[in-house]
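So, here's a batch of structures to check.
One chain, chain A, links the two complexes that follow: it is found with chain B in the first and with chain C in the second.
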Partner chain A sequence: MNLQNQMAYRPSFFLAVLGKATRMLILILLFRVIYFNTPLLAGWEYKDVFLLAITYLTVESTILTTFHRNLSYYLPDLLKKGDFDFLLTKPLNPLFYSSFRIIDLMDLTSSSLVIFLWYYYFTHYASAFSFLSFILYLILLGFGLIFLFSLLVIFASSAFWTINATGLGRFFEDIIRTGRFPTDVFKGAFSFLFLYVFPIATIATVPSKAFLGTTNWPYYVYLVVFTFILTLISKKVWNYALKHYSSASS
Partner chain B sequence: MDIDFKLGIFRSALDRYYYFFAFVFEYLYELFRNLMKKYLAVAKATWQEYLTYRTNLFLEVIGGFVAQLVIIAVWFSIFRDLKTEIVAGYSLPEMITYLLGAGIINSFILIASQGDEINDDINRGKLSGFLVKPLSVPFYWLSRDLCRRALTFILGMGEYLVIILILSNYFIPPFSLANFFMFCLAVLLGGILHFFLFYIFSIIAFWMDQTWGPRFVIRVIMSIATGSLIPLSLFPANWQLVFNLLPFKFMAYFPLQIYLGKVSVSEIILGFSALLVWISALIGISVWIWEKGLKKYSAYGN
Partner chain C sequence: MIAISVKNLSKNFEYYKKVPGLFGAFKSLFQREKLITEAVKSISFSVEEGELVGFLGPNGAGKTTTLKMLSGILYPSEGDAKVLDYTPWQRQKEYQKQFAIVMGQKNQLWWDLPAMESFSLNKEIYEVPNDQFKKTIDYFSNLLDISDILNVQVRKLSLGQRMKCELVAALLHNPKVLFLDEPTIGLDVVSQQKIREFIKKYNKERKTTILLTSHYMEDVVQLCQRVIIINKGGIIYDGDIQRLIDQYATHKIVTITFKNDIAVDQLTLLGEIVEFDKRRVVLKIPDQNVKENAVRILTAFPVDDILIDEIKVEEIIRHIFQTNK
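Take a look at the complex of A and B:
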């Protein structure tokens, strides 16, 4: 049904897929141009930044295909049209259903480029890596996704109070885009901000470094605690928002 | 006697011409005044409407602002690592000024949902309501668009002024007063170019149910081809050749080159000429598509 809906405007669907794929390639192009003018970026070589870029694109594709649009755009729309009540009657967790109701097939289709980029990385740039670092990479990637999901749940909960919360969705997109560069470019207070206060480094920099063999165990412990607390907060905020919604409609 | 008579005829003809031109002038003046009144009223209503969504617009602009700050941090890092004064013809203050300027221009031109309204007006039939009103629909959309741009520009300007103050050591003033005026003119013309480009890809809604696909592709290409992420002169030569053939560089790269004084007078003249040719061509194409589309739209109604 979703596929039928999204394919209804076929030329637009294919052009959107083309646009999304081009956007991914533009990130690679941007790095190529930067490295055309400098051999190193905050200590990162091009082949390592390529890994960082595809890590970022993997995370971005995952969230765009799954929960991002559901929470940022479709949830405010449901609330505005009064269709959220119908969703509450379903025998499913409302948060789960609100977050994964529609799988974005445009992003899913364009994500195939990420697989190709991974293939390109392994055949052109990857040096030997240990199985352990790969597992660590996947775990850290998972924590990055949980961090982004929790953050977006907090953002999306505001839709229960405001009429139109789509601006927050765009804001969220721009914020995660800061993760496409190595956070080592930041110094001083900004470095602290992006590592500890608002750990955007978890999106791509931290997993990529782990993959490349640079580990930082105390930081990983911090990350686990931080993600756990943020998840708890997001759950509380969501429940509070739901409560507010129920009382508003009754 | 004969001469006086001829002079009399001449005078009366002159008077008639005078009255005729005075009448035409007055008519045109009134027409212009009414038109302005009409579109100013549209702009005023639009301003009020957008102010209701100011939080959304503000978030949209601040998101772009944060993204631009990261690019600035990247260039600080590159200059720090290379321990050099100049990278690809840019000093650090020039690069920071370029990126801050590009950010301000972005808040003026890189509006995410550009063209959505026109597309919806056509596809949801709202256009019929506009067509019976005594106003030109394209001008109506243009006034609404300029209004929205003005609002996002003011919001963007506010944010960037703070960062310009913080980075004042790295922010350099315009090359000259003349360059500054030409920069402003180029930004304004770049905005008009941007409007007509998206306008064309929105009014193809007369033939397509949804036009966001092509508009999205343009936006993606624009993100790099305007030069707002990185100056186009930093690209390899073959890429620069491609960018020179496209109109996007006039939206950010060209005005910023003028601001920094990195282009000669002849290049400025050539650039403005090309910009005007692009705008004229896009207006021509848009008028042609509009008329064709309107015929198709009216045919549906019969």
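Take a look at the complex of A and C:
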């Protein structure tokens, strides 16, 4: 139904789709330009970075189409206007409904370009890969999405107090954009930060490496435990925020 | 059987004092003064199944906050409440499927889509079977005369049409308890009357327990036998509306039109002068003196017309609010 809602404004819809498609192509072009000057970047060849880029774009498209805008922008708007009241009275999980209430048709349409990029990768760059590597890739991708979802739920919960949370939405976007690059380019403290403290490596680098056949099982265990704990924390924070919801005056 | 039971329910809101100006805004980043408002102060009441109760009070009295607690939107600061034996703020699905709330100042319909799309969404959310959904839509379409606007974008509807659709969206799942928060606000008199007639009929036919808040006294007078008056977070009256009128309406309003000009000092002994014009006077006369004074007026003055009215309920409520300030 939300799709119908967005298609009610056609010119805006087509421009937005075009803008998103351009942004995706710019990322691929950026890597192309870098690799005109060097054959390797932190041990990554162009074809591997292409995989990383489309992995990142797949994750980005998934979260933009589903929960990102819902939690970063639409939720604060609902809280500001007091329309979140109705959401709390319906026999639905408020977190589920807040996160997936509006499915962004523009992002859904632009995501079709990702499918084209995947087709291009398989026909031009992919060498033989094992089925198990692909399964592992998908599982790690799933954990990356859970990590991002939990992180955003914690950020979004602050909107129950601050109401205006667009700053947090942008902060979250900046975080995930860091995942566009192989985290191997970071050394020392930054490498530790992006692998263990704020594991944005889970967004694209870790799954891409698994796809390419480089596994790191101890790190995967760490990732599972980390994601599990973060999910629990996000649930607690969300429930705490709901308890302190003060609605808007009528 | 009791449908709504409220015991010592309180709600406090915390907020921070905003100092005006740029310097104030900068200062408040580091140091803020916390303030607490007691929106609802330890109120207790109960409502029987099928009862239609008016919840009256001025702006900021705590009416909407109470309804929001009973709907599970807000957690109380203290106290307890049960609606259909459920604690509202536990937000159990079983409870949520049995009540509905309509807020006159907010809308739950999708703004850019026809109301029918929002009804279909609610059908899925509340798991209303297809045949029941069709019957309910037909029933409401006839009752509220909305069959021709069901497929019109909500933003193109008038306020009255939108409120009718809001009511339908809220009642699709046939709730046992209905909270109506200012359902007639902003509507013209004709639309107000239609909504009132609908609420009355719906309550009578479905035996739905309804708690209604309104600024319009007509809503309450026409719909409710019982009123709960709340002011500054506390209940100041809970009972029959007629008893309230009997208790406070100790005077009658007598309006007299004269054939000739009359001097004001001739009338002061007959009652309290509310309005005076040389040929027209409005007097407030104690009940026990009305008959005797009316006879005196008719015999001693050149009366063209005389009208004896009850004090309006609005006046009574205003008086109650003023004396409870």
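Definition applied: the second predicted complex is superposed on the first by the 244 of 250 C-alpha atoms of A that agree within 3 Å, B and C clash if a C-alpha of one lies under 4 Å from a C-alpha of the other, contacts with A are read in each partner's own complex, and residues count from 1 in each chain.
One rule holds for everything that comes next: a residue touches a chain if its C-beta (ideal position, glycine included) is under 8 Å from a C-beta of that chain, and two chains touch if they have at least 3 such contacts.
The structure displayed is predicted, hence computed values, not measured ones.
K.L.:
After lining up the shared chain so the two structures overlap, which partner does A:G213 touch, if you call chain B first and chain C second: first, second, both or neither?
P.N.:
In the superposition, A:G213 touches no partner, neither chain B nor chain C.
K.L.:
Touching A:D85 in the superposition: chain B (first), chain C (second), both, neither?
P.N.:
In the superposition, A:D85 contacts chain C only.
K.L.:
Please indicate which partner A:G142 is in contact with in the superposed arrangement: first for chain B, second for chain C, both, or neither.
P.N.:
After superposition on chain A, A:G142 lies in contact with neither partner.
K.L.:
Which partner reaches more residues of chain A, chain B or chain C?
P.N.:
B
K.L.:
Could you say whether A:Y245 touches chain B, chain C, both of them, or neither, answering first, second, both or neither?
P.N.:
Touch partner of A:Y245: chain C, not chain B.
K.L.:
Find the residues of chain A that appear in the contact set with chain B and again in the contact set with chain C.
P.N.:
Residues common to the chain A contacts of chain C and of chain B are 8, listed in rising order.
K.L.:
Where on chain B is chain A touching in the complex?
P.N.:
Touch list, chain B to chain A: 53, 55-60, 62-64, 66-67, 70, 73-74, 76-78, 81-82, 87-88, 112, 208-214, 216-217, 219-221, 223-224, 229-230, 234-236, 239.
K.L.:
Which of the residues in chain C come into contact with chain A in the complex?
P.N.:
Result: residues 13, 64, 68, 71-75, 91, 93, 96-97, 99-101, 103, 105-106, 108, 110, 112-113, 117, 120-121, 125-126, 181-182 of chain C touch chain A.
K.L.:
State the interface residues of chain A toward chain C in the complex, per the touch definition above.
P.N.:
1, 4-5, 8, 81-83, 85-86, 88-92, 94, 243-247, 249-250
K.L.:
For the complex, give me every residue of chain A touching chain B.
P.N.:
Per the stated touch rule, the residues are 8-9, 11-16, 18-20, 22-23, 26, 29-30, 33-34, 36-38, 40-43, 162, 164-168, 170-175, 177-178, 181, 184-187, 190.
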